[in-house]
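Notes to accompany the following structure.
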Amino acid sequence: MSMNNLGIVKRNIARADRAAVDQLANYGVATIHEAMGRVGLLKPYMRPIYAGAQLCGSAVTVLLHPGDNWMLHVAAEQLAEGDVIVAACSADCEDGFFGELLATSFRARGGKGLVIDGGVRDVRDLTAMRFPVFSRAISAKGTVKAALGSVNVPVVCAGAVVNPGDVVVADDDGVVVVPRAIAQQVADAARAREDNEAEKRKRLAAGELGLDMYGMRETLAKAGLKYLE
Amino acid sequence: MSMNNLGIVKRNIARADRAAVDQLANYGVATIHEAMGRVGLLKPYMRPIYAGAQLCGSAVTVLLHPGDNWMLHVAAEQLAEGDVIVAACSADCEDGFFGELLATSFRARGGKGLVIDGGVRDVRDLTAMRFPVFSRAISAKGTVKAALGSVNVPVVCAGAVVNPGDVVVADDDGVVVVPRAIAQQVADAARAREDNEAEKRKRLAAGELGLDMYGMRETLAKAGLKYLE
Amino acid sequence: MSMNNLGIVKRNIARADRAAVDQLANYGVATIHEAMGRVGLLKPYMRPIYAGAQLCGSAVTVLLHPGDNWMLHVAAEQLAEGDVIVAACSADCEDGFFGELLATSFRARGGKGLVIDGGVRDVRDLTAMRFPVFSRAISAKGTVKAALGSVNVPVVCAGAVVNPGDVVVADDDGVVVVPRAIAQQVADAARAREDNEAEKRKRLAAGELGLDMYGMRETLAKAGLKYLE
Amino acid sequence: MSMNNLGIVKRNIARADRAAVDQLANYGVATIHEAMGRVGLLKPYMRPIYAGAQLCGSAVTVLLHPGDNWMLHVAAEQLAEGDVIVAACSADCEDGFFGELLATSFRARGGKGLVIDGGVRDVRDLTAMRFPVFSRAISAKGTVKAALGSVNVPVVCAGAVVNPGDVVVADDDGVVVVPRAIAQQVADAARAREDNEAEKRKRLAAGELGLDMYGMRETLAKAGLKYLE
Amino acid sequence: MSMNNLGIVKRNIARADRAAVDQLANYGVATIHEAMGRVGLLKPYMRPIYAGAQLCGSAVTVLLHPGDNWMLHVAAEQLAEGDVIVAACSADCEDGFFGELLATSFRARGGKGLVIDGGVRDVRDLTAMRFPVFSRAISAKGTVKAALGSVNVPVVCAGAVVNPGDVVVADDDGVVVVPRAIAQQVADAARAREDNEAEKRKRLAAGELGLDMYGMRETLAKAGLKYLE
Amino acid sequence: MSMNNLGIVKRNIARADRAAVDQLANYGVATIHEAMGRVGLLKPYMRPIYAGAQLCGSAVTVLLHPGDNWMLHVAAEQLAEGDVIVAACSADCEDGFFGELLATSFRARGGKGLVIDGGVRDVRDLTAMRFPVFSRAISAKGTVKAALGSVNVPVVCAGAVVNPGDVVVADDDGVVVVPRAIAQQVADAARAREDNEAEKRKRLAAGELGLDMYGMRETLAKAGLKYLE
């Protein structure tokens, strides 16, 4: 039995149903996270490299070592149309693991975007390409290709477990991971939540108070809230 | 005597004169802070959620608890036209206390924007609404409605004391609070400062040096500054 | 022998050849850093105040003290056409040392931009002026003019040594300093690198894998990489 | 009307009753904070400079500017037996504002310790003196004596409002401020809380579960907790 | 299928063999981490609350919510002799979730220590008890008992996946988790590593260079290292 | 001309006079920094691994790469009796570059301690050995031996330039570097400063105020300080 997951590339991974992925792409990260029962978020230090960046796809996971992006090249070969690369690192590192050449390669192989618990560079080019990247840092610092990591093993990325084939959704609010097995269930719950919010939005826009719409007044009074003139 | 300020909503608060607020809206945060004698700034970690966000209005203050946005709903009812919600938290928390539904409600009730020492979400929607928010973080993490805080009590928000009815001004440079009692005085001082700067700007643009315009050469020499070829 | 470098202004500094500077302006920070052998970067906390800011020029260096911008005024007189001001601070400080009046003055005297290991303000105005600034913070907090620093002495700015006359290049990826003596050499190496990348980009865009293009497969196998179905 | 609180020394301040202060000295910071209804804590970045440091006394407040400790000298004259100096700063600064000479002076004038939202130095000497200090940083960096702050005005120190004469208590768990007017009330509540805990401690030490002692089982079941084998 | 792991207590968990746990207790965290192939470490922000704290035991895992320690009480009942409580939180929070009353209860039920990705309090008492705690923060801030988390589900604690029954080892260098299934294998590898180091230590202490002992000179020369006089 | 300083070991370096080094060892970091005119400090994030650690010696400098400690082994051979190793890193990294085996080797070769802008491990052993280390982090994470750095080139360590042969002094207050050429001059200035302080300490201990001893009252009054009853 191996004591770690290093030096492994898993070729055949199960991906979520395309229909579920497509449906999840309609919803924001906040909505999906709520629909799952408030779990699945990556840490909020993960930020888009340009305002408005968005992605939704099946995860091809990568485990990197600090200052080494070798495995991103290995990962490129494992991409299928619509995949998102999710890269974790064995220790905190803000070097620029990724730039526009790799983005060109990923896109050519079907990759839709990148989520990386590390730094990236060539931000101007990536923005011009509209290649969505969510990262913990931006850094021009280059990396080497010397240390074996893995592709398509379970990783902890920015505090969340991501398994290959899980659905990853990201927008200006952050990044959320939806386990493959419940993708459709979550998509349905997200739709229900959105439908429900449309009605609320209309009432709030008309000036109705959440206090009344959600029936909070009694609970607040019981909790002891006091109004003073 | 109560030992804390929890569980209280103050309904009737004195607000600054509308004329003073309107005048303050013409000046930047840096100018107003200078006009007050370099006080009143919130910590610089408070950032706008979109470039160019701006707000100026009377503060309705809110004291929240970590992970709990109940009091924001209570605050909505206390808004008057032109108010700004200023939310502090009893301990550091970057969860997403606020999103577009609450923004819709606040706007419908006269609210002009939000300053919050915590996280917010639905950034894409808030940006599309042009609802100005200044926050310490962006996070999709939702909050509960369970713990009593207060509305319209004095709060410490991002290092600054804010009293209900104080004027809060925010732009790309940060957030400043102007005590209600000196709002007009500060507005006048800000105008004087801006008038003064227009003349300086012209001279500097023409190539005159600050060294000469401000008469610094003698002081620098006395302090011991040495020029080497 | 003086025990520190304080209270000194060096008037005549050697600058890099204009041709080398102009050539370096064509390349990104990541490319130049690679062309130098992966050295010369400032820490990645140095960020542009607006997306797309760029600068390239000879450094006029400034050593400031916390909360004191006196030496920026002294530096204005030392600017030649095309210079970039590089400001370090004797201790970490995020106050707003610099705003649009100083930018107006710097531009009038030939200054092309600012790199400062501290805070700046008037971000809206600076953005409207398209005056490129790379800083560690944005803060409306004003500074005084009381403590002697120096101009055109070697400084450590955001972790990198900058000598007066070195070439400083900055873009969305960060800031890099090129020692004056090797400016042309680095510019040539950057060009060679870019030429080389154009060919690679074409092949990657056509779907060729980096694994094959860079001939990594054998090395990976030797290192023990295993593919699992 | 002055627009800021700078340049002021308030000589005569009301202090809490000595008896209340002495009683509060018996309780830990966590207990006191609970006894006040979970308010009054300074941010947890405030740490003792040596393990086991403790203090309890009436606050003499000081407002400093970054890199400037002039007002600490002014404050020394305002000390009465048993006072604690509480120093805030107009902007974040980690310089070493305080060392063993000032500690010697403070102690000679009756001062019992220091709480400072900034840096201190001479940690070895201060530890040898057993002079308790709670600070945000340790730094050898010296400060100047050039900028007017104030003594005995209300300050915001590490996120909490401290008024002159309030009681400040600090130990390994952090720092808490008890408003002067409720010092006795809080001391009594702290004692009640401690008495209550002694009984609980005995039962828990005997192996009784909090689940039973606090009667949580039913609430947990209602909330939906499920036990799986 | 449930969409999250909340509201669950798993009673019967498999624990590592006692012999393996006892053997692992002999080795430091750095050694164990090396013996596993350099994986399994929690982030280095996890620090002991007193110098010299150490623990080694089987993990009872807890998933908490920010500001809420209810599940720690639930976890107490699930402890067996020699267990270590490993507490994760659904969002970053530095409140004081744990103090000496809970430590008393845990110890009475067989608990040997705590690893918590959050804050703790009563540090003086915990130190006097020699109850080892590794945490991300120290804070006097109390918590509530209102939100359902879980006990003995897989958690991500400070960046590492911990499954119930895994072995957790902690000392001054940090915290490492050893998957249950390989506990004996890792213990053996750790012993081999320590045996090997004893010999090296003797030679290094005698003045032999690592350059020679590890045979590095040739590799360094091939890599291009140049010695200058 | 080489574009970077990588792959170089300088064998013969000039060291400061032993007498000057020995004299500097008598003074604290704060005193030496003042004696140099308030320069030379490393960033305050550099902390001793145990309370009371102290070192003073000539610097053997090392430039490391993230996650790679190869050059520390190379540096061991360059040590002379009384040297201190000063290690910088080409990008921020908190991995554990150094532990007790290297400490054993360094000590055997004359090394007195380590200053490293990175992480270290084996803290318990290093403390037992009383081997003084000042670092930015503690981490059990191991490093590899793969990338060429340099020994005895100028480095930027924690924000300060350190040249080989400079004197490095460290204690609980932090770390300061004294350029070799002025070591004796600084030692003399430090002695003068300490002599001066002894007298001041006596007067302050007797209750004299700094206000009077330093003659500050008039300057304060001129600056506008107001005393209120």
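Letters are used for the chains, namely A, B, C, D, E and F, taken in the order the chains are written, and counting of residues starts over at 1 for each.
In the analysis below, contacts are C-beta pairs under 8 Å (C-beta built on N, C-alpha and C of every residue); 3 or more make two chains touch, one makes a residue touch a chain.
Nothing here was measured: the structure is a model prediction, and the numbers come from that model.
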Inset, instruction - Provide the C-alpha centroid distance between chain A and chain B, rounded to the nearest whole angstrom. - result: 32
Legend entry - Between chain D and chain A, distance of the C-alpha-averaged centres to the nearest whole Å: 41
Legend entry - Gap in Å, rounded to a whole number, between the CA centres of chain E and chain A: 28
Legend entry - Shared-contact residues (touching 2 or more other chains) in chain E: 38, 41, 90-92, 94, 139, 141
Inset, instruction - Would you identify the shape of the chain contact graph, picking one of line, ring, star, complete or other? - result: other
Legend entry - Pairwise chain contacts, counting only pairs that touch as defined: A-B, A-C, A-E, A-F, B-C, B-D, B-E, C-D, C-F, D-E, D-F, E-F
Inset, instruction - Within their complex, state which residues of chain E touch chain F. - result: 28-30, 33-34, 38, 41, 44, 47, 51-52, 171-174, 176, 197, 200-201, 204-207, 209-211, 214, 216, 220, 223-229
Legend entry - Interfacial residue positions of chain A with respect to chain E in the complex: 1-6, 35-39, 41, 43, 90-92, 154, 156, 159-161, 181-182, 185-186, 189
Legend entry - For the chain E and chain B complex, residues of the former touching the latter: 65-67, 90-95, 139, 141, 144, 146-147
Inset, instruction - Spell out the residues on chain F that touch chain E in their complex, using ranges where they run on. - result: 7-12, 50, 70, 73-74, 76-77, 94, 96, 99-102, 104-105, 107-109, 119, 121-125, 127, 137-142, 145, 148
